[in-house]
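Just so it is clear, A, B, C, D and E label the chains in written order, and each chain counts residues from 1 on its own.
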Amino acid sequence: MSDNATPTTPVKTTGLHVGDAGPGCKKVDPIIIADGVKRTFGGLTAVDVAHVEIPRGAITALIGPNGAGKTTFFNLLTGFDKPDEGKWEFDGRSLAHVPAYRVARMGLIRTFQLTKALGLLTVLDNMKLGAKGQSGENLFRSVFPFFWRKQEDDIEAKAKEILSRFKLDAKQEDYAASLSGGQRKLLEMARALMSDPTLVMLDEPMAGVNPALTQSLLDHILDLKSQGMTVLFVEHDMHMVRHIADWVIVMAEGKIVAEGDPHEVMRDPAVIDAYLGAHHDTDLGDDDDPETAEHIHALKELIDDEQ
Amino acid sequence: STGGTTPEESEEPADTGDALPIEAGERDLTLKVGTILPQSGTLAFLGPPEEAGVALAAEEINEADAGIQVEVVYRDSGDTTTDIATVSVTDLLSQDVSAIIGAASSGVSFTVIDQITSAGVVHFSPANTSPDFTDYDDNGLYFRTAPSDLLQGEVLGNLIAEDGASTLGLLVLNDPYGTGLAAATTEAFEAAGGEVVAEELFNTGDSNFDAQLSAINAANPDAVAVITFDEAKVVVPALVGAGYPGNQLYFVDGNLADYSADFAPGLVAGAKGTLPGPMLEADFEERLLGIDPNLDSFSYGPESYDSLMLIALAAYAANSTAGEDIGAYLQQVSGGSGDGEVVTTFADAAALLAEGSQIDFDGASGPITLDENGDPTEATIGIYEYEDDNTITRIG
Amino acid sequence: MTNSESAASAEATGGTATVDTRDLVVEVRDVTAGYLPGVNILNGCSLTARDGELIGIIGPNGAGKSTLLKAIFGLVKVREGGIYLQGDEITNQKANKLVSKGVGFVPQTNNVFPSLTIQENLEMGIFQKPKDLKHRLEFVVDIFPELGKRLTQRAGSLSGGERQMVAMSRALMMGPHVLLLDEPSAGLSPVRQDEAFLRVKEINRAGVTTIMVEQNARRCLQICDRGYVLDQGRDAYEGPGRELLNDPKVIGLYLGTLGQD
Amino acid sequence: MDWIQIFSNAAQELISPTTAAYALAALGLAIHFGYTGLLNFGQAGFMALGAYGFAISTLTFGFPVWASVLVGIGASIVFALILGIPTLRLRADYLAIVTIAAAEILRLIFTTNTFDDVTGSASGLQGYKGGLAALNPIPPGTYGFGPFTYNAYDWWIRILGWTVVILAALFTWSIMRSPWGRVIKGIREDEDAVRALGKNVYSYKMQSLILGGAFGTLGGMIFIMPRAVVPANYQTSLTFFIYAILLLGGAATILGPIVGSMIFWVLLSFFSGFMARAVEAGWFPFMTQVQAGQLRFILVGIAIMLLVVFRPQGIFGNKKELSFVR
Amino acid sequence: MLLGLLVSALTLSGIAASPAMADEGGTDSQAEEFEYFFSGNVKYNDEPLEGVSISVSGNGYEAETETDENGQWTIGVPEKDAYEVTLDEDTLPEGVIVEDGQSTVDAEFGLTSRKAVNFFLGEGQRVTTDYGAQVLIRVVNGLNFGLLLALAAIGLSLIFGTTGLSNFAHAEMITFGALMMLTFSTTLAFPVWLAILIAVVLAAGLGWTLDAGLWKPLRKRGVGLIPLMIVSIGLSLALRYTFQFFYGGSTRQLPGATLPREISLGPILLSWIDVASMATSVVVLLAVAYFLLRTRIGKATRAVSDNAPLAAASGIDVDRVIRIVWVLGGGLAGLAGILWAYFRPGVSWDMGFQILLLVFAAVTLGGLGTAFGALVGSLIVGLFIEVSTLWLPSDMKYVGALLVLILVLLFRPQGILGRRERIG
């Protein structure tokens, strides 16, 4: 095991917004602007975003209770789902009716919460697939290796480098289907980084990833930020959000309910109430809580009933 | 003229005078013949009587002990979906057969005719009726004993007209046999002053015929000709069940069979049908049954029998078992070259040939005479009627 | 490490003051297991759980944590060693047999029936004891009120966290003696995570022997009686949860320092 | 029993044009199914287009051979487009049924009496081989050794057929180890993931459909060279047999379809010869010749089952892949 | 094709055919002298006219005869040639007239020695079924056929749903039911109800056997779905030809299958068997739906289909559930086969295979793996097959149904009742 778990204090980007920080506030340099985006499933309104802007060159966290509509919002932004109404743009270009693959080609790459590893491709091939602009992906040129051999070597080198960062280098020749749950998450994220995206949207990238590794990967992400990449990620791990996010957007029941600096947002009582919970930052280890004792009693009864 | 057929002698033989000479004298030949008849697949029900016909002929030839022994190799033609015929033909050719008898379906024959005839082997079908074989580039090696649909169709059309029907519905199998026969029937029927008011086609392997039957029933014709193979067993009860009178149905050789075991009594009583071939000699069916006691139909049995008989006689006449030689003599022994004494058994025929004289073999399927294309030129078409117990009796 | 040794070492290191004399409920004895022929994922892994204990398993990704749970539950073939439930060997037994012996399991991924409604998913949890359905449904809906409102929604359309709730609830429906949980908190919002951990603890205190795999290692070690750290298919460290939580080596290698700021 | 004859007949199937035709069609399916994961059950339709495209161009329009071949391929591209536009969005199993349906529609259109003038309806077409025979550089005569003795035309179509197979195999091999092939295989695993990486999945699927379809079409043309065009040949069972061949050899392999086709035909021929002779020799006294014909298919069916049971990944397939199948 | 016919007509030189109608009266004694005959009917508004005089002339030969009580006549002629056949209008009864120029017909012999010439006078009064009634009849037939397909489809859909297997051998399970019915009702002459019972039980037993002997071991070895599908194709082939091996290639009928239909509702004619089979289908389909949606085992079935390992982890005995589904599927297929044999009517070795594609189309159209979808899909397929031939040539009748399948999936890629999966 390496010693890359040494704590670093990330440099936070500040001064992202114009005016007061609040739901839908203007950004100095937005990369994504969404307006009136709405998506309903039958009677359920999953996403109903009046206005939101994602700052460029920063790391933005999108948080919110389960079922708040975060993943659905991701799907809408990236063309994997179609909204009932609304418009949104990326880098000044409207994304309405743009198919998913085109969105990705513009430099907006996303990962999936429920991972999508390409099972019967090796881990390395999974990575190589992520690279963009490959001339060998054209049917006619693919027949003649000299068109793409060199590019392929470059891609391979890059893939191997990223894999070693993600601790997947030992598995590079294995089928992706043989990865563990956490390794899949890692691959998902590593693959997204292969294409040097302008904006990467990570859906719960660290859920299921070992904390020590998480920490070292966050450093990697900060690295990428310093090279100019924008990150939007969904995460439930508040340590991580606090650690690297420059900006936090809170979603609940489809709406943007709060925005701002991570530390401030997490002090917002509404956010604590709906999302973080009262036990947040307390130790769950002690048994003396009367409520807990009551529950235990009820449970015991339930079990006794059965016997 | 009760029950007799009136075969008409060929008036103008296709090829008079230049008959090939026949060498007099003893023969010592072993003739190997293959069959590709349907053992499996959708036409498999046609296979047993055909193979029995061939087997019967072989038995009789061998019993005649006239200096020619026949050995038959039976292989499967399958149907067109399985494409087994080419494999069977490869097998047969590797055994150096002189002739191949089959297939039942024109479609299958088309798949193998090149393979067979280009190997210099006689291709002889007892059941193909497609007109396309007539001018096929077959090196003069393709022959058949099944009479053309034109003839049966005309008889059927006239029969229906004579029975007083002014309108006719046709239920037709969409294959060379069905559509050819339907066209000939229509022509004859309309020439006699009738009108075909419904012609409904279906494909081999179709699962149900309700739509076709509804259409025919809706047109309410005076008579319905059912031009099918085994599908008749499905179609006829459905048609009669839907209210069409069973006695106004007309059957053809593909489905004219004893339905006493299949249909409710009286279902088709009074219906009629046509079947090529002279009145089968009373004992021919029995002889076939002697070969295969399980036969429940005799369709194309006589034609198959005659196929082998003619091949053997041609080989005998040529005193050779090479395919080309057999092919050269086939028309002649069938009576197609004009002269020759009419014979009906192999022993008689062989005796005449051994004397060096020409023969005109008339077999179980009628006074077969092949023309220069290998097609039969003569045939009798029998007319049958269904009794109350759904069995058939010949009435003309 | 053999079982007896490990038990002994648990006593020896004995952070908890008293020596544990409760019955061994689950015992994993030197298990070797794997997926592909010739490749072992677990290499002589051992683990014990006494009656009513809450065991936490942590470790790096790909260490074999999930594999260990699957091996206990008969979903991965055990090649060597044995697994015992209250003294009876249950190595490679069929999963539904184990369920009827009172073992419950929540897998890490694919842990709901997508085309069944939430209610039906929960019913499946109590498949072998349909009588208790009502009781338990109330109990579960009490924990996850979100689910109660949507009992007729198909699980396939749920969000990641909602699925995880369904999966947890399904296991709680079972009312097992021994509960195996594979990352039950993954994808849950912080408040639901806390809820989930608390409930696991409550269930455990009510007498259910529980073995849980977690990447939220701090929370896990906070509530569990004993923790195991798994690395490369074998148990690398073992000890009371609190101790591991503060062990600098464990922090360096597995826990990281993020949670401490 | 004449074992030598049985085996030499079976051996002939190794290089028969029919084997080549099936191999080519199976190679097309390997692209569709093995590599791209498109469950195309309409390969018979592509073959029919090749057969009819060639025959109709030759017979009805009097085109020369090269033009007829192009017409057939053109027709299959059009068919792939028409088929692909609505169906490539479908889940794999839906695609299977839709492609069966499309191929059946084609067959029914070729079979119906309505277009008899052009298609020859149920009797099909023949007499289109002149052009190809005229191109035959081999002087007339019989060549070869042992069981492999054929006349000039038969050699010509064998050489042509297998040349096409080999070229197609080389082509497939080279594209499948390229980045193009990687995308294709990625689509097989999870098309959404590939889409998220910026690849135009729809277009790749279409390319694959067209390419594999064109192979099927060429196979269809080779198929009719030694025989006639008969619509009933192009039933769903043809596709089934081609699938059996593909899985026999290994779905995502190059050699698999070719060797699978050889095995299939050799087996069929072997069973055929063996059963018939065994009955003739009286080995199965309870069985008639007719039943022997049927028993062969029973055995072929069982053989297909056994091969899958004992080698589910196919002859050239990778055993490892199997442990991950869903 | 037509050209071909002409060519072969020319080659058929002297062809003989037998005179028909020999003993049906109307044969004059003079007919015996000749080889060639004209014959025909004279009818007025479909009623035969007796005593109408008909004459034939041509080639220097002339002859005349009168129609008999059936309105029929026959005249022999010496040569095979062209003649004029004339109806003597004066001999017609009062009020019956022949339109101008239609009393004389030019007639020439074809290939045979017999030639029919009919005179149909007056207006024909053929009662045809009007369009509306035709549509109605087709719709009822379509529903009937659709229900039957549904019965066959639901078993397939269940098996697909639970195991993910596209079981091509389902066709043979259908055939098997019908063949067992044939064996027990016809060959062994059991009473019909008992034979049905036995056949269905045996079909269910086939389902059991297949699962126990084949599918379960394969599942155990973790064979993938596609290889399994190929196994089912092999099984289908083997079973189908086994049936042909034992039962031969021809079609046979079940007892009572060829009875006429006697229930008439307006233009629609139904038999008791039709009614019983529709009722059976509906009842069985409802029962299956109840089973799936309401019973514990039914829900377990769906759970297994969703995620078998998880189902096992929930305490469901996956193998048992799958076994139940196979038994149920086999029984339903067997029952469908019996009803199919009555509906069609006829039992043959490939009867199941003939509808396999339709069954698959129905299952897909409705949405794979959804039991109700199978019902809806089947009804649509059934209706389209029957109704579309009002416009399409009947040998293309499946084209309509298959096109609908493609079109529906164009707009609802998940099938009519199928659900779209969530992404991400």
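Here is the rule we use: contacts are C-beta pairs under 8 Å (C-beta built on N, C-alpha and C of every residue); 3 or more make two chains touch, one makes a residue touch a chain.
According to UniProt, the chain labels map to these proteins: A, C = ATP-binding cassette domain-containing protein; D, E = Branched-chain amino acid ABC transporter permease.
Note that this is a predicted model, so its numbers are computed, not measured.
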Notebook entry, point to check: Taking a step as a move to a touching chain, how many steps at least join chain A to chain B?
Noted result: 2
Note to self: Just the chain pair, please, that has the highest number of C-beta contacts.
What the structure shows: B-E
Next item on the list: Point out which chain occupies the most central position, where each centre is the mean of Cα atoms.
Entry: D
Check: Measuring from the mean C-alpha position of chain D to the mean C-alpha position of chain E, what distance in angstrom results?
Finding: 31
Next item on the list: Could you put a whole-Å number on the gap between the CA centroids of chain A and chain C?
Entry: 26
Item checked: Distance between chain centroids, defined by C-alpha means - chain C, chain E (Å) -> 59
Checklist line | CA centroid of chain A to CA centroid of chain D, Å | finding: 46
Note to self: Where in chain E do residues touch two or more of the other chains?
What the structure shows: 1, 241, 244, 393, 395, 398, 423-424
Notebook entry, point to check: Of all the residues in chain C, which ones touch at least 2 other chains?
Noted result: 35-36, 157
Notebook entry, point to check: Counting only residues that touch at least 2 other chains, which ones in chain A make the list?
Noted result: 71, 80, 112-114, 178, 203
Check: Which residues of chain A touch chain C in their complex?
Finding: 1, 3, 5-7, 41, 63-72, 113-114, 167, 171, 178-183, 185-186, 203-204, 207-215, 218, 236-240, 242-243, 274-280, 283-285, 287, 292, 295-296, 298-300, 302-303, 305-306
Notebook entry, point to check: Which part of chain B faces chain D closely enough to touch in the complex?
Noted result: 38-40, 44, 47-48, 51, 73-76, 78-84, 86-88, 90-91, 94-95, 106-108, 110-115, 118, 130, 132, 136-137, 174-176, 178-179, 201, 203-205, 292
Notebook entry, point to check: Which positions of chain D touch chain E when the two form their complex?
Noted result: 33, 39, 86-87, 89-91, 93-94, 96-98, 100-102, 104-105, 108-109, 111-114, 116-117, 120-121, 123, 192, 236, 240, 243-244, 247, 251, 291, 294-295, 297-305, 308-309, 312-313, 322-323, 325-326
Margin query: Quick check on the complex: what are the chain E residues that touch chain B?
Written below: 1-2, 4-5, 7-9, 11-23, 32, 35, 39-41, 43, 46, 48, 70-72, 105, 107, 110-120, 124, 126-129, 133-134, 137-138, 141, 145, 241, 244, 248-253, 256-261, 269, 271, 343-346, 348, 350-351, 354-355, 358, 385-386, 388-389, 393-395, 397-398
Checklist line | Of chain D, residues touching chain B in the complex | finding: 5, 8-9, 12-13, 16, 18, 108, 111-113, 116, 121-124, 126-127, 129, 147, 151, 153-154, 226-228, 230, 232-233, 235, 237-238, 265, 268-269, 272-273, 276, 280, 288-294, 296-297
